[in-house]
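Heads up, the next two complexes both have chain A, just with different partners, chain B and then chain C.
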Partner chain A sequence: MVSLTATVTGKRQTQRPAGRSIGRPGLAWALPATIFFALFAVVPLVLVAVLSFTTWSGLGSPEYAGFDTWARVFQDPVMIKSLWLSVLLTVLGVVVQTPLSILLGVWAAGPQRNRAVLSAIFFVPLLLSATAVSVLWRALLDPNFGVPSQARWLFGDGNLFGTQTAAIGVLVFVSTWQFTPFHALIYQGATRAIPQVLYQAAQIDGAGTVRQFFHITLPQLRNSIITSMILMIVGGLTTFDTVLILTQGGPGTDTTISAYYMYDKAFKGFDFGAGAAVALMLVVVATVISLVVVRVSGYDKMAGTKEGL
Partner chain B sequence: MKKRAWFPRAVAGGATLALGLTLTACGGDGASAGGDSGTIHVLVYGDSANKVEKAIVAEFNKTSKVKAVLDTVPGADYQQKLQTVINTKQAPDVFFNWGGGSIQPFVKAGLLLPLDDFIKKDPGLKDNFLSSVFNTAVVDGKSYGVPMRGTQPVLMFNNKKVLADAGVQPPQTWDELIAAVKKLKAKGVTPIALGGGDQWPTLMWFEYLYDRVAGPELFTKALGGDKSAWESEDSKKALSMLKELIDAGAFGTNFDSVKFTDGGSPQLLASGKAGFELMGSWEYSTQQDASPDFAKNDLGYTNFPTVAGGKGDAANVVGNTNNFYSVLKKTEHPEAVAEFLKLMYSDDFVKQQLAIGNLPTTTNTTKFLDTADNPDYLKYQFDLVDKAPSFQLSWDQAYPPSGITPIHQAVQQFFNGQVDADGFIKAMQALPTS
Partner chain C sequence: MRRRPNYLAGLGALLWLALVGLPLYVMLGATVQTREEYSAGGPLAFPRSFTLDNYIQDFGNGFGQYFLNTVVVTVSVVAIVLLLVPPLAFTIVRNRGRGTSGVFRLFLLGLAIPAQAVIVPMFYVISKAGLYDNLIGVILPTAAFCLPVCTLILTGTMRDITSDLFEAMAMDGASVRRTFFQLVLPLSGSGLSTIVVFSALQAWNGFLFPLVLTQSEETKVITLGLYNFRTQYGINIPGLLAAVVLSTIPVLLVYLFARRALVQGLMGVGGK
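And now, the complex of A and B:
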């Protein structure tokens, strides 16, 4: 492969004078992405910020309300609770999914014979929409006709959507079921890219599988772990469809996370000012968390893992 | 090389820009829809009942010079779409709604046409409908809607077989209900199926009990802005009776994980795992679809039990009174609209509604009940609604839309014990009122 590329480049070089054409691509190449980003991300964000200082029911024009909307939002116990719930769900998601997907990804990267078939099956949830997944699990977890009715020893009376602990457990479980394959895929690719020489050297030194995993695989996966965690955090904070279908924020307000609360305020209660304020709070919290993760993990520096090879 | 590359770049950039502009321009196009001369636009909730609306529109267009155009918005997004479109150029002339709180914000914004002038010219637009239903779309003393589909009262459904096995008669009074609950529980069945996950089935219990204990006036007062109504003795009594029922184990322990909408609670009733279910009249068609044998043989129905010493009339009902057509003030063809609305009490309309299982609320409905598939059930309902001194619209539809979620949360939290009576009263007092 390497030699092939080399010959092709070589040919080109004979036809055209080398040098200038390899320079940085012009700014114009960034134009489409920039325009789309501006139109569909920056402009709406600014509009939402403006909207959060108004009251608007969707009828007529928004009326300027100054900081009233914000004062209302900050005094709203459900709003504060929803931010904590968002963070809690995200943290639980990361804590549960990361170890699972590392193990699965590393396993799927191996040379086993049944691996291809099993991982193909395992990646099926990834192909389903979050809505389909939620509807499916809602039916499977029905207390009278679903799995809980056959496994009383585990589920008790099967009131999985009736208590906060159980409802959060279900949400974490369903998103784990759905997204672990995706993160496993990241780890599978990253594991395959670890140079074999490292393992060969370790074997010569007498390191077993477990030691190899902890001292070679894990450190080599460092950057992938950070990537995957950031994806999980962003995904976790913006979770919406699973909550909408599985719990509708219930019981009471016990699983009303910020993204759902925003929808509820804006599109069910037609209080777009408050909805915009909740959305903006979520943006702020998500930005702060991302910044912290990037700083703590050194994602911005992203030192290579192949030094000395 | 460098110079030539500008061409594709410019094309790509230009195309993107153009694409972006067309996307943003979408909102501006098609603005002429409502303003076409000679047409009225009728916006309805898109579902299987649309075939009647289509037929009615076709019939109207046969004779009218001004043509009606039927626009449908599919599914649950109807209210959201309506809210965004109603104050724009694309707004319809006539639109489907649930009366009560669903049109109140539009009335306040001065968008709707009071129908009193139409009624003056043709009193039939009011007199040909059952008054308990027609009154749902009266706001501040003015009529804003004409009933256009079927009525859906809430009834107490039961599984005859389960009741017979436990030696229970369908309860006529609250005390009989409590006794029935205890007997059914002793038999090992969940006395009452409840789709608490949907929250609105839970609300039905509050609506009926408040009506029986305090009469419809309490809720009317509260909705009108008198928040002290929620703290009244009657309100507290209704809540304590509900609490008694819940504590007696009437709904089992896992009702919050059960839904009506995914078929959970109807299946509980049909399979004999539960004895009763309080549900809208659509329970019947739901059971016909899911468990036809059960619907035919063992599905019983009664009115909600009476409460000894209660102020409410035992014949009162609650539920969805009907759907309505309301008219926008800015319509250019009010005469044509009035003609269109007259079709809502025509014989043809009634026959077609009955054919798809809806129960229209016109005075001529009784003439055609025998032609329907299940005349007994329809006659029972029609009588109930006809004789009801008060037909209370579901609370979550009587309040403006911003009250829906708080109401649903409050009833759920009261049923699962997260808030007590005082907490519930506070939550209801915090609701936005007119």
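And now, the complex of A and C:
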């Protein structure tokens, strides 16, 4: 903080135009945060690339291994399967959560008072941590003491963690339960920002509620849909706690998605090189998909939804 | 103009209410029953007895320690964020140099780094720094990963301060430091409360960093405690769910008393 005093300007320098340079902080003010962030986020990101070319068991020092680690990772069928499972879970998550959260958000944006009260309850899952949500549902869906054991007419043998289909269903359901309120809040805020003029004009033209929804609300929500989808994709590809607590990647490796595979390789199998390689792949895939979504949707051109108003 | 009630939307809303309400009801109901009653009646039965033994048992199994550790982590993370982000956001908003836009871009880039991607090198860095199994080793990365979102939120707030006010301060010959403390900080209240809530939630709910960077009972935070209880308690579901309820109480209190700040904090950049 020594340099701070240096940037303090002299008193009443009237020859300089006020507001141009006086009272403007030097770059030194940004330094502590930048260094801290670089140290704990940027350096690890670089290190993950470096470590993916080494073998390291967690003890001693990593040893350079060239492309051996990458070759080993790509020869593991479980890894290839985990990539597909990640994509599958992400796609299912987006497909299930997007319509649900749009409907819920648009509904909650309505002016009625009962909606405010109900919304307060609707958004309670947001208050629970991912860990708490997973532990709660693991207990509720317990094969012996949970709801499925009480409703065998619906759940068959009651073990929702015994088959791949059921386990994936559980994972999609639990993340939907947990994250839909969050995305609904995005849509609620965006819906409230839609100019009322549009609806009034549509009503004069005789458009009903459904047509208004498809021709005004949905197009106006475009930017929010893209934001929310990017968050879902990145979140879906990096889902970890839910899998660790609910299925532990099982049955067998049937729900071992990439993020869990990475954790399992590194911290259970002590193959940190392989873990780093998978981690790097996840970052690249998530970034590429986000960029593609941004490009395809034209989001980067910042097309406004308020043109002509 | 009067619209007819939308029955379909109402039905959907009721369905979602059941989907959210039922699990919460089962959770609360289970925690006040004895283990035997829960096993006999199943999760959907209405509790016939009332006992707080499940909660007391959790504290006997170390929940108090976990709670304390989580408070330490949360308070430290919030303190670091409050110390680092306001000067940073002030610079980004008011400094016009080329370096500043580079710094801002770095933090925007940081938004895209998922914590999952760096746990392996983080384990390496923290171990080499001798901070493994130490709460400091959890606090530092957790705080660092709060910075991008908090920076974005606070620069948004500070941009709304009109330049007239800055000019007036400059006319008075106010130093940078005075401008910061007497103009910028007092006018950034809403942004500041949002970043406090956001970073507090991140720290309180954080799971990944504690999972890979700590191991002993003395450094366990609540989320890890829950994870451990799940395997340790086995069939003691009421005890497990009581711990889930306990872990949520502080967040629930904030929700009741500062709903707006909490919702904004929860949304992070998502709300922008």
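Note that in this section the second predicted complex is superposed on the first by the 272 of 309 C-alpha atoms of A that agree within 3 Å, B and C clash if a C-alpha of one lies under 4 Å from a C-alpha of the other, contacts with A are read in each partner's own complex, and residues count from 1 in each chain.
Rule of thumb we're sticking to: a contact is a pair of C-beta atoms (placed from the backbone, for glycine too) under 8 Å apart; a residue touches a chain by one contact, two chains touch by 3 or more.
Everything numeric in this text was worked out from a predicted model, so none of it was measured.
Colleague: Return first, second, both or neither, reflecting whether A:F36 touches chain B, chain C, both chains, or no partner chain.
Modeller: both
Colleague: For A:L231, decide between first (touching chain B), second (touching chain C), both and neither.
Modeller: second
Colleague: After lining up the shared chain so the two structures overlap, which partner does A:R138 touch, if you call chain B first and chain C second: first, second, both or neither?
Modeller: both
Colleague: In the superposed arrangement, does A:F267 touch chain B (first), chain C (second), both or neither?
Modeller: both
Colleague: What is the contact status of A:L103 with respect to chain B (first) and chain C (second): first, second, both, or neither?
Modeller: Once the two structures are laid over each other on A, A:L103 reaches chain C alone.
Colleague: Based on the superposed arrangement, let me know which partner A:L47 touches: chain B (first), chain C (second), both, or neither?
Modeller: Only chain C; A:L47 stays clear of chain B.
Colleague: Mind working out whether A:F161 is in touch with chain B, chain C, both or neither, as first, second, both or neither?
Modeller: The first partner, chain B, only.
Colleague: In the superposed arrangement, does A:G26 touch chain B (first), chain C (second), both or neither?
Modeller: Touch partners of A:G26: chain B and chain C.
Colleague: Mind telling me which of the two, chain B or chain C, contacts the most residues of chain A?
Modeller: The partner that reaches more residues of chain A in the superposed model: C.
Colleague: Output the chain A positions appearing in both contact lists, the one against chain B and the one against chain C.
Modeller: 26, 29, 32, 36, 39, 58, 135, 138-139, 142, 144-145, 267
Colleague: Give every residue of chain A touching chain C within the complex, in rising order.
Modeller: It comes out as residues 4, 7-9, 11-13, 18-19, 22-27, 29-30, 32-34, 36-45, 47-48, 50-51, 56, 58, 62, 103-104, 107, 118, 120-132, 135-140, 142, 144-147, 149-150, 177, 182-183, 185-186, 189, 203, 209, 227-228, 231, 234, 238, 240-241, 244-245, 259, 262-263, 266-267, 272, 275-276, 279-280, 282-283, 286-287, 290.
Colleague: Tell me, which parts of chain A touch chain B in their complex?
Modeller: Per the touch definition, chain A meets chain B at residues 16, 20-21, 26, 28-29, 31-32, 35-36, 39, 57-60, 135, 138-139, 141-145, 157-162, 248-253, 264, 267-271.
Colleague: Applying the document's contact rule, which stretches of chain C touch chain A when the two form their complex?
Modeller: 1, 3, 6, 9, 12-13, 16-17, 19-21, 23-24, 26-27, 30, 38-39, 42-44, 80, 83-85, 87-88, 90-92, 94-97, 99-100, 103, 106-107, 110, 112-125, 127, 140-141, 143-145, 147-148, 151, 163, 166-167, 169-171, 173-177, 179-180, 204-205, 207-208, 212, 223, 226-227, 229-230, 235, 237, 240-241, 243-244, 247-248, 251-252, 255, 259, 263, 266-267, 270-271
Colleague: For the complex, give me every residue of chain B touching chain A.
Modeller: Touch residues, chain B against chain A: 1-2, 5-6, 9-10, 12-13, 16-17, 20, 23-24, 80, 83-84, 86-87, 105-106, 109, 111, 196-197, 199, 252-259, 262, 264, 267-268, 273, 401-405, 409, 412-413, 416, 418-419.
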